[in-house]
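Input: one structure, supplied below.
As written, the chain order gives the labels A, B, C, D, E and F, with residue 1 at the start of each chain.
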Amino acid sequence: MSSSGSAISPYTSLAISHPAESITHVELNRPEKRNAMNRAFWSEMVDCFNEIAADPDCRVVIISGAGKLFTAGIDLMDMAGDILQPEGDDGARISWNIRKTIVKYQETFSVIEKCPKPVVVAVHGACVGGGVDLITACDIRLCTQDAWFQIKEVDIGLAADVGTLQRLPKVIGSRSLVNELALTARKMFADEAKSSGLVSRVFADKEAMIAGALEMAGEIAGRSPVAVQGTKINLIYSRDHSVAEGLDYMANWNMSMLQTQDVMKSAQASMEKKSPKTIAFSKL
Amino acid sequence: MSSSGSAISPYTSLAISHPAESITHVELNRPEKRNAMNRAFWSEMVDCFNEIAADPDCRVVIISGAGKLFTAGIDLMDMAGDILQPEGDDGARISWNIRKTIVKYQETFSVIEKCPKPVVVAVHGACVGGGVDLITACDIRLCTQDAWFQIKEVDIGLAADVGTLQRLPKVIGSRSLVNELALTARKMFADEAKSSGLVSRVFADKEAMIAGALEMAGEIAGRSPVAVQGTKINLIYSRDHSVAEGLDYMANWNMSMLQTQDVMKSAQASMEKKSPKTIAFSKL
Amino acid sequence: MSSSGSAISPYTSLAISHPAESITHVELNRPEKRNAMNRAFWSEMVDCFNEIAADPDCRVVIISGAGKLFTAGIDLMDMAGDILQPEGDDGARISWNIRKTIVKYQETFSVIEKCPKPVVVAVHGACVGGGVDLITACDIRLCTQDAWFQIKEVDIGLAADVGTLQRLPKVIGSRSLVNELALTARKMFADEAKSSGLVSRVFADKEAMIAGALEMAGEIAGRSPVAVQGTKINLIYSRDHSVAEGLDYMANWNMSMLQTQDVMKSAQASMEKKSPKTIAFSKL
Amino acid sequence: MSSSGSAISPYTSLAISHPAESITHVELNRPEKRNAMNRAFWSEMVDCFNEIAADPDCRVVIISGAGKLFTAGIDLMDMAGDILQPEGDDGARISWNIRKTIVKYQETFSVIEKCPKPVVVAVHGACVGGGVDLITACDIRLCTQDAWFQIKEVDIGLAADVGTLQRLPKVIGSRSLVNELALTARKMFADEAKSSGLVSRVFADKEAMIAGALEMAGEIAGRSPVAVQGTKINLIYSRDHSVAEGLDYMANWNMSMLQTQDVMKSAQASMEKKSPKTIAFSKL
Amino acid sequence: MSSSGSAISPYTSLAISHPAESITHVELNRPEKRNAMNRAFWSEMVDCFNEIAADPDCRVVIISGAGKLFTAGIDLMDMAGDILQPEGDDGARISWNIRKTIVKYQETFSVIEKCPKPVVVAVHGACVGGGVDLITACDIRLCTQDAWFQIKEVDIGLAADVGTLQRLPKVIGSRSLVNELALTARKMFADEAKSSGLVSRVFADKEAMIAGALEMAGEIAGRSPVAVQGTKINLIYSRDHSVAEGLDYMANWNMSMLQTQDVMKSAQASMEKKSPKTIAFSKL
Amino acid sequence: MSSSGSAISPYTSLAISHPAESITHVELNRPEKRNAMNRAFWSEMVDCFNEIAADPDCRVVIISGAGKLFTAGIDLMDMAGDILQPEGDDGARISWNIRKTIVKYQETFSVIEKCPKPVVVAVHGACVGGGVDLITACDIRLCTQDAWFQIKEVDIGLAADVGTLQRLPKVIGSRSLVNELALTARKMFADEAKSSGLVSRVFADKEAMIAGALEMAGEIAGRSPVAVQGTKINLIYSRDHSVAEGLDYMANWNMSMLQTQDVMKSAQASMEKKSPKTIAFSKL
């Protein structure tokens, strides 16, 4: 594998590295705990992506899991207090506190979507519960041949509440499949993940996948950040609006963004049959 | 086949049975008329699903067709009066009455969606016209290898008006295919139904399909009804709202619903490596 | 190939013909320029589709490209002034003018969607940049085995702003694939276009495809125009609204549209086992 | 005056009469209980307005209160069980049952809005709590000089949940006033009700108000029911949609509704300087 | 006064003049016909406002009526064919044609809203039927003491379909009043128009009103067109969207529009205590 | 009076005090600079309201201005850099940075709305520019007889972009007045502010107003915080959604919130004719 570089991370549940120019690699990094999502994770993700969003040296992000699998999902042992023993003097006040907790946890994955830099997620082995919530908030999904996905929440007595039910139906095209997965908690393996469109590529193993993710990230990082980040922002806006609203938003967006030197630089490179990756774009 | 039990039904177009605990089986039951949808059917479905929605002993529903095929669609002979000879003193009053009829018929399938219990539909042989409207309102779609689907309405001079045009594009992922099917009325067979995502599983024959449907229904019925029904309600809400709105709705939903003993019971079973199906959940 | 007939066109970038009754064939017709979209094209499309929308003799439209490929996309040489040298006394006024230009260009493809007659697009060879914007605004997409598709905009430093980012995610079911294509500008070939649902049929070569397109167009043209055009209008409305809103719209639509003789004529033909194509429908 | 005629009512909390042709008068009729809203009331309103909606002899409705005041609001004694002692095995199931109750109560006033016939409400004396929910669902509000209004819910520890918080801000123009009334539960008297736009007319006493309401109802009843009911339906649609959506809905509505003889009859009467009230319109 | 200047108009129903720099005055100009809206009017308004929208020398528009009153509304004699005798082979085709007509007429007033320059309308005497549709599409409403307003449509058997029902409830704050006016067709006089907020100023007579309109138009014309037109565009967007959507739109708008020299020029004038009207702004 | 108590504030532009139990008073506190909004203000408001939102001892907030007037609006001298000299290598990058600044400033007032505790704002003397943005985000508006309001932005060459254009039209009922104020920058005085509904009460002078604000705040603080904060949250939700959506949200909200002891306590106090202010409610 390849995530090299300064690997000194301020986080206990995540490892951050910079395997190539303009690429940030975020690893779920509690392999001895099957990368289960503990208290630290839920807040570190927010800090991590806020930092990435503000970092002009980062143009694209890769997320993957350290060790044998992507993630076993929520760390029930560590989190049980928040979920199973909420505080409050009566039913209303308990509800009020639970709601605050849910909203905070939802933000953990929404930051991925709010970050204007594209996020490629690379899954190997298990991707369970909160893992599915996480990957549906990413932009591009890759997996290995041994990967499997499970919407586990219904098995522990609750409706998934940090993103899967909201995003998965807008991520893949078969509503019957979404419902089946969410209502029965059955596992979905790599082939079905590919044919259903959850992932756009399947790799033989983790090493090949990380190499593929880096190559794809390199393609993205090599293009105009004005173009790339505007594309992400408008794709997400379009998901939640009518086509007419999306076109109006786009026109307002590009009335500014076409005033970039990147267009001229890119158009010239294109005419000279050079790759956009040869161009030095200003930071954004 | 297997739908056993009390088979005494208050309906003339539907047969209701309880093949296993917490499972209700609704059969389109005019096999001699190819399960064509007659006047009785359009109102009995509403009564039937209102009853199911209120029945604490039902946690999941299976719909299938008796006899050689699923349904030939609307029973034109029985329904012609409503559609072809609407009453009214002038064009406006005729329109007013037609609108009331359409709205009433739309409700026949919308009750499936409003019922919080998941509905698995199992299709064999023909599923024509109104049949497609019906199945797109269900949560999970299964079919046999000999099944075929046809949006027939354009062949009789009208745009489908009881759900297909509204729900099918949100059920499968290829808009080009939806448009082709709706504009040409061509048949779609089981393989394309599977690859396009309309159905999530194809079975060799009806017997295998009903067995498969019962097994899947058993998986759903064995899990917390608070979790399962909350999942259905939020999946349907999400379809029609932005991700942000869906997350907000979910937070409000679960601030109550996490206060169930089902979570504790399920979490404990999970830690003890027991299936959730071994748990006795309170009724909902 | 087959587009025969009066081929006298008022357009320089489009060739219009009438290969069969009620069918209009629009060809991108600058084969020597790889059907690149020049200034004339952007305004001629609007005129062309406004005319088609008002023409009672047209019930369905086919779009294809003359020569060796469908289209190379925008004609940068011809268009550079508009895009690269916008006028204006200050940043705000430049933006104001750019916005006007974008809105005008967006309309070039939105007219396809606003035209109530179904539009079948048949792609061979390259479909690049603006070509993808164009085809996502059509109702049914076909291609040849040698076709490929490329969202090129990010390569020239801009986010696609005339429809691809708004329509493509609603046209195919895999969001991961949409994002990958838009962010990396990689080519997608016919097989992936089919499996992802972008096209609903792939043909061996252009001749076979045009024959297939004509046959499909014939199926559509042979059915009630009240039914067909109402179907298109309601499918597009449904895309951008909730199911409940879509059903309400549909009820208002059909309270009028069921008052057509086409229903009686079609129902009678159906009972007599005749094809709807044998019926003489009034013009619409 | 007032409510004359057949006064035999199937309801215990409401008195129904027909003071003039095409006018139905609904009286809150438990004067000895200050017209407090008891269990019977909440379901009788639904039955009553469903009947009115279906009655072709009714073109307009008046609501008023029998006795010394309009209504004291919810009958806490009769309703306490539903609200204060909800059933359920755990917090989630209690919530589930409370939600069903709230949704049922919301329907009690939403039926007024769904009924296509205009509803004029005439308030004298106190209009408290549920009374405000009721009147905000009506189309036209009148009151006497001695009337006062109070959003009482916050005084008994709950946020108003059957309509006031949703409809009042769309009924009057001062948001500061809405918030003040809802957050402090202070009384608002007739003059402020008039200046804020809550009511459109104030009368000296109940007798004058009922006479005024009957005259206004007579004006409405004397006009084309196609025009009047289409106006109500479109005004309510517009409240909840953008202007563009409202215009589109309107166009679809009137493409049918202009095909009424009422237009010709009315236009002719207009040219002959006759009142529309002299015209005999067909029933709707 | 009033409208002076080049008065040569290409229109038969409208008179166009330029009473002061950057101000365009549009007069309804068939005084001998009480400015009734005839066929010419409905299309000339569209041409007129498209021209105004594109005219860099116009920064603000005044609309008023020539002669004794503002407008008597639709010219039934001239328009009767379109409305009373629509063409079509059956009910559906008649509806189809009526819809096209309504949509065309709706555009007549929507152009006022789409024009980015503010429109001040000055009403004297009668403003009936279509006149109310017109003024609700304007930005600022003024009237004389003798003005009166009437939503006349219900008197001729139809629901108002070119804007009043959609815009009036968003223009004034009392829904009870809107409903009363629309359902009874009663006249509203100047005082109630002022107290209800329909107009923001009442003048003694037409002369004073035109002078006041010109003064107000002068205030608007003297300010930065980037600021003024951006204000109108965002006010209209906000009407039809949530606050959060409106803020997002605004941020996208101003990220361009703050890059104008007008801000620096205006800020400097402000610091020097000069009126913005002393500044020479570039054209927009 | 006025703001007494611990007056030690962590802020330089705001003074925080606790004049009575459960009431927090936030004063704009740069009287020597006419409370102009400087850099510190824009971020301190966010910190201040986040703290208030989390403080269980605060149930209601009052905002007022120290010294002779409420606020002169933005402090152009202090802010000029951000607005007039944005950084960036090209037009697109400058726009990107401006957008970030606008979004940050919008948040300064949106925090008031997101805070679930009601906010009463009390205005004396001038309320200019950013001051209007601020007060429209508050829940209840009061003013003195000498107060005046001015939407100043158009005078300095820009469209108001931190809330006025989005919120004011939803705060008062006359759209003509909103447009006039925003397009001409004219002052509005206390009487018109009252009659238009911008403020709900006018007081003789500042002392009387602060006393009135405290009394009103006391009424709010004395009621159930579950009821009060749920009321605010649902009123804001309703503003931005249809009535049907608002009712659904409300039902989900109260299925939890009715499970509070506050209802029982309040109902009992009500039956005993005691004020809710005598009840000891648990903190929220």
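By definition in this document, a residue touches a chain if its C-beta (ideal position, glycine included) is under 8 Å from a C-beta of that chain, and two chains touch if they have at least 3 such contacts.
Remember, it's a predicted structure, so these values are computed and weren't measured experimentally.
> For the copies chain A and chain B, give the interface type as same if over half of its residue numbers appear on both sides, and as different if under half do.
Different, since under half the interface numbering is common to both chains.
> Taking the mean of the C-alpha atoms as each chain's centre, how many Å separate chain C from chain D?
48
> Could you state the distance in Å from the CA-based centre of chain B to that of chain C?
Centre separation, chain B to chain C: 33 Å.
> Per the centroid of Cα atoms for each chain, what is the distance between chain C and chain E, given in Å?
About 36 Å separates the centre of chain C from that of chain E.
> Would you please write down the residue numbers of chain E that are in contact with two or more other chains?
91, 94-96, 170, 172-174, 195-197, 226, 239, 252-253, 255-260, 262
> Considering only which chains touch which, how would you classify the arrangement: line, ring, star, complete or other?
complete
> Taking the touch rule as given, give the residues of chain D at its contact with chain A in the complex, in rising order.
Listed in rising order, the residues of chain D that touch chain A are 91, 94.
> Would you tell me which residues of chain A are touching chain B in their complex?
76, 80, 83-84, 86, 91, 94-96, 98-99, 102-103, 106, 110, 113, 153-161, 163, 165-167, 169-170, 172-180, 182-186, 195-197, 239-241
> State the interface residues of chain F toward chain A in the complex, per the touch definition above.
89-93, 95-96, 226, 256-262, 282-284
> Taking the complex as given, what residues does chain C use to touch chain B?
118, 139-141, 170-174, 195-200, 216, 219-220, 223-224, 226-228, 230-232, 234-235, 238-239, 242-244, 246-247, 250-260, 262-267, 270-271, 276
> Which of the residues in chain E end up touching chain A in this complex?
249, 252-253, 255-256
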